[in-house]
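Look at the two complexes coming up: chain A is in both, with chain B in one and chain C in the other.
For the complex of A and B:
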């Protein structure tokens, strides 16, 4: 936009360059405009705090992936529609009224209703597509922050923290000169470079993460309403899948209805994907091609977009003290992503945290000491019960037991014994009940028994066979990559050790790479040097969907691409 | 004892008080009090500067009547008359010059001074404008002792000057873009203000003359060039000196004394000066605009000329609003292009800011088509370079590789990751085949470029990114495209699918490339390529294809 020359703020009439020797300064900088950043910025703007929002995508949402159910919880300190009143009308797809869990064993399926837990304590819950949702939010955020003297800038990647005398005072960017602020809200999502820079999160352990992979599938609204048996546009369904359709990899699948498309995806423990050398795209295809899904596809399958992203497991990584100096972490950046069994709640917690971070800064200012913001934020997370949802104490109490593999194999043996199986039968109703208990879900350990064995046994013992033939053919990786939009920049990932031992896991775990596929990011190659053959990996970041997986499973130096560069999701 | 004891006052209310004191001795006493009391530096500065002001006022100006103008250069005269406020005195000087040397430049200077003295008499109401240090003693004034004030008083400014940068003896595109834009702006300007001002192209270098001639075709009315073989490469000192010497008209108070009068340069300085925002252009523009003591809007993305009503008191003096005429508006991106500011370079009541200067981002304006019929004047500028300006020597320079051009060849041979078994040999075989054709080129898939393959030194020149064919590399459309060990990804396909005939060599019968090639040879490239080369050498491509049992493949569109 060209400013009018009479707008004195924008015109320098001395004919010279601005002579400011100091950095540009704002009261608040928010990095990232996902739900966490949008909430923080809106709440800051409400308090008249001069707020600058920096987002690396060409548009907010162009980098973001969710399965897609955003919850508004009754007990939450902030919900997205508190902060953005027209949110549901303008930015969401269909509400998730129906909520079912399918336990799969071969072609036998036992379906439970999980509506009790899904609706319990929930004000509303809608499916969303992130490109549309985030860019709608971004427009509101820009309007509101503009009034405070700030605004939202897209295509800007923050690449680190600006420090003076060891203190964090601002951010540095690829595209702009360093900017200082009284408070910096890092809402830059999973693989937060700022959290890493501040030493508040690391990317070392695959156990700390899930990997989500998703396909958005075209389906017109009438067909959706007919095939899912919905009452018009204000009705929608959610289906979850677990059992033996994922080759023993710990995790599950989901299907949510949008207005005129479906979101179908998988979420697996990253350590399990790594250990099993699983190919994420194959796991997704296993779900897509399962006979159970034929009732909805009926032989037609048109994939609009393939995407992937890491998801933090708050039980392990939610930082109870997510701040350092002027820096406050919000949402995925702080590991605030709650997997309540199969129910995934990240966006809502990011919103709560964003609101609380803004509130904390305002309180600190009122007390005349903005540096108190971090401590106040921590107290609020604790006081509002957000931390307890994210890191339930009962999980910490059971995890030592259930994660040990001896316990797992005993459990497995029991479940597979006639008595165990008999138990499943007798407790049929009770099982469904216990799945609906937040208490039980909260302590479900991350083991094969809970993710694979139990659902499989349930499916096998209680399930009805599905007879349909699902003959759809999902696109192969080359086509999936070919359908994505990229603005290729300089490589943003560097392989530090290219030996297969160090980085070979990425060849399978990267959702756009595979063994025997030459068009992916990671490719395994055999090179001859000095007469001896060596297995190595090579990397081409052009097809990268920036999921973050290889930051954890391979020996890399990992950064996000520069502002506006890299993949651009149209659905998300 | 002075009336005011500074130690009893806050700095902020001392300013006005000190400035009312008319007696330097009283001020000195105040200074002593402050020194022996609070000893605050800003207060001392304040008082000292008031003393200086008073003393300067007391100094009698040279008696103009006693001056012999014929002994003075135009520049000296310029300095001299600045202190003269009496119209009669100035008129006497004018007469003296007319009956003596009768230099136009001197007469103009004196006349200008007369006009300005008379002008300022007209609105006697004008509020006294204090130097910033006196007006705002509570602030610190880091530039207070800036000596380099070379702005003109009542200067005459005309024309739009375009600095035309060259490289390797050719005009840069941005130079042409600026000439085109300047033409458009000045045509509009001359119409709006009923003037006849010019677009002046400035060319400096070792082959400046021929380039100066060329600038006319792109829109210059006049090209002024300075040619010196030592200026083959840009060096900022001599370039800036030459430019400023060109820019300052004869009789310019800060210009060279022996600067001759020139018909085309009947003014003091350019009205507008634009430069390319290239490395060298940025460098030069900053130096030139600083030397001419004006401002610079760097990295502009647009330019237009309009009148502008301004209410900022810094620019309007006491008045509410002033309409500035002929203002060059210089929008430039802030925040790397997320927001824009429009920079204006306006005269202040006490100080002129001309030329209105900008540097322009390359590619922002349309590249004009040259009009060889256009007529214009070309003027050589003569000026002696000072040896010391050339102290910085360019000892070595390198022209970055332009890269390999794969377009515009009859035949292109491309190899892909299928060479992995022996990458060096794979490259050799591909290069050999490409060389059997009169006009053959050799390219690669991105797969090879990003692989971990180890190549022997002698083929390394064939493995660079500049040979990549495809979406993020070059797009080629030869008569014959031979792709060996290439899977045919969509991003590769878009770089070669327009080729007349595409031949794929692949061990995988289901490779995607088969769908969009004209002939498919099923085989190992390490066997097929050498034999194919031999067959082409001894016969024709058709014969070679037949030899290898090439089968017509999917994409038979022969366009």
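For the complex of A and C:
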């Protein structure tokens, strides 16, 4: 007798202690099928390891958001097309050939070519949409892992680690009975519940994260090629934006060309969004409606999808020892997301890490001791140079000095003074050169000077005014929420302290909430009790896009929704 | 393990699909035929058993040749292997008894008799709930009805099931039956797949079925009255001991009803309403 007819004995959902013999067992479990999970699973299957992949979305990619340029770096231990040879032909949009940075000051814009840094050390770089990319990867992953006796299951959310005698031995899930494994690869992305459960990551500091918000905009193939001056379907463009168009919030914008749509978005430091009480959707709209973008929209704008997600800042959070017992973390789950100045590299590192985790498990098996996998994985991350890219020592050396607020204000004053402005003018060529230097980009501190002041002064001093009127009207929040697809489950977030002091930041920082909007997730309310008035927040998770922001900026108990529930992105 | 689920086509009573004439009689010609909604759980129970134990699922129906579509739809939804249709003019207008005799004969005609026969709770058009149990009686095997969950123990050759016994207080009973047996599912039945291995097999079956559905004809067996060697006196209208003498349409609710709005604060008004309700309940009509 098994399963439901005798379920009190067979079904454990508490995720607590257990004995191995009771449970279904696989040699490897991979949690999550984004680029990190797909790479790990493919590499494990290559070594004939019986691999089970568990993905919470209805389809891989239905939960995922990227800007999305995926890089294949020459020095990387694994690239996505090493593991999936037809990847570029079948799962990507357009290569990002042209790569420009626009420094904006009001309606003046100075544009730099960043092709040197973009193409330097890069085999290729393509724009992707995650729903399509990840579901394509998932089909391949299922085919290959099925041959090992495992396979890929969607609609399954892993909700914790299964422990035996205090040791991690497997996973517990909402939809399945606990499963044990010799190795567990947590590729469950940013806000990894497994990484937190194992005590390897925490969600405490807004400084450790970026928040990415994105719109996918409809535009047919020919129009894209004409307006971006592209040579057919194998050509594409990437544009980055920084300066004063984001009300002083630290971060920037991007625009990438897809086959027949555009991906336009913003990535900001979460602490800056929180401090400035900025509304992410307004920041995105500031980019969308800037006159510079009129050359591409020409008055037409149809938004296909609005989405958002947190992004870890590897400089601060990449865990140098991302393992515990049988558990190995890869990709965003381990904080392996590199912001190299304006260039965002997360997917490629997730792929490298996935490949290395699989390799480490194989080596450990060969040595006759699978429990060595974690240590070997750590050594490989170090030895292959991945860790140094993620946490450059140069950054650690410069950041303590330049991120102090005194240094920032002095720097800001200097940049804005005649001397600073004179310097910008004099070193025009040199500036473009230094933006193209991985060495310089690796040590740029996360301050207002780098993100706002420098680009604004550059735009002001060197820029040309853009005369166009950009008259498009992006949809309001209600329409954006209404256009998304949800399968609402039980509330997956609980506000622990609903006082405005503890959780009020979420009202503005949540990308589907706003101070003056009642239809989002977070609302602020004034309640009267015992004659005194108190400002509190209330939460309705129904329109939640699962970005993870309120896990960090508010006092919440935050979990992902059950398998197949919650938001379903069609583009991603 | 050999499994068989019984199913039937019924008029699609869903809003927008169903068509009635002015007197409230069903217009068969204008109303599409769909699989009896309560059969879906029977089919799901058969699939769950196949996923967990391995084996094959057959689907069987008695009805006009057009029911082939219903069977094919069933093949697609629960990855059935073989389809059986008992179809002959002589079988038409059968009541539940004559249907049970026909279907049971069909089951005995199968190359290998099924270990478990699954049937759904009553049909949407007949509403009797007799055909499943009567077929089981004709086959002379044990029957578990109102099944909400079940599993097979292949070694002990038994089925254990939970059945929902509705009454003033509903209860869930766990019962066991030896194989071969029959199961009638309750509308509350839900398949449960809590093992990764089972979900993976489910996924395999879905992929395999996509090919099979393209050539569903190759998997369909149609039996006539002669092929089943059935006595015409025991099947169809002639073999039916019960007849439907007439159907009283359920009177339509008037388009507009009189309503009196009473505000929540209106105590007097509320008291009057309560009085009326109490009187209505006491009279029992």
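Everything below uses one rule, namely that the second predicted complex is superposed on the first by the 551 of 572 C-alpha atoms of A that agree within 3 Å, B and C clash if a C-alpha of one lies under 4 Å from a C-alpha of the other, contacts with A are read in each partner's own complex, and residues count from 1 in each chain.
Quick note on the criterion: contacts are C-beta pairs under 8 Å (C-beta built on N, C-alpha and C of every residue); 3 or more make two chains touch, one makes a residue touch a chain.
Here the structure is a predicted model, which means the values were calculated and not measured.
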item	value
First, second, both or neither for A:175, with chain B first and chain C second	both
First, second, both or neither for A:26, with chain B first and chain C second	second
Which superposed partner A:548 touches (first chain B, second chain C, both, neither)	neither
First (chain B), second (chain C), both or neither touched by A:153	both
Greater chain A contact set [chain C / chain B]	B
Residues of chain A at both interfaces, chain B in one complex, chain C in the other	1-6, 10-11, 151, 153, 156, 175-176
Residue ranges of chain B in contact with chain A within the complex	294-298, 302, 308-310, 312, 314-315, 329, 331, 335-336, 338-346, 353, 356-357, 416-417, 420, 446-447, 450-454, 472, 487, 489-491, 512
Chain C residues within the chain A interface of the complex	52, 149-151, 153, 160-162, 174, 192, 194-197, 199-200, 203-204
Chain C-touching residues of chain A, taken from the complex the two chains share	1-6, 10-11, 24, 26, 52, 54, 142, 146, 150-151, 153, 156, 175-177, 179
Interface residues, chain A side, partner chain B - complex	1-6, 8, 10-17, 151, 153-156, 175-176, 478-479, 482, 488, 498, 518-519, 523, 525-529, 536-540, 542
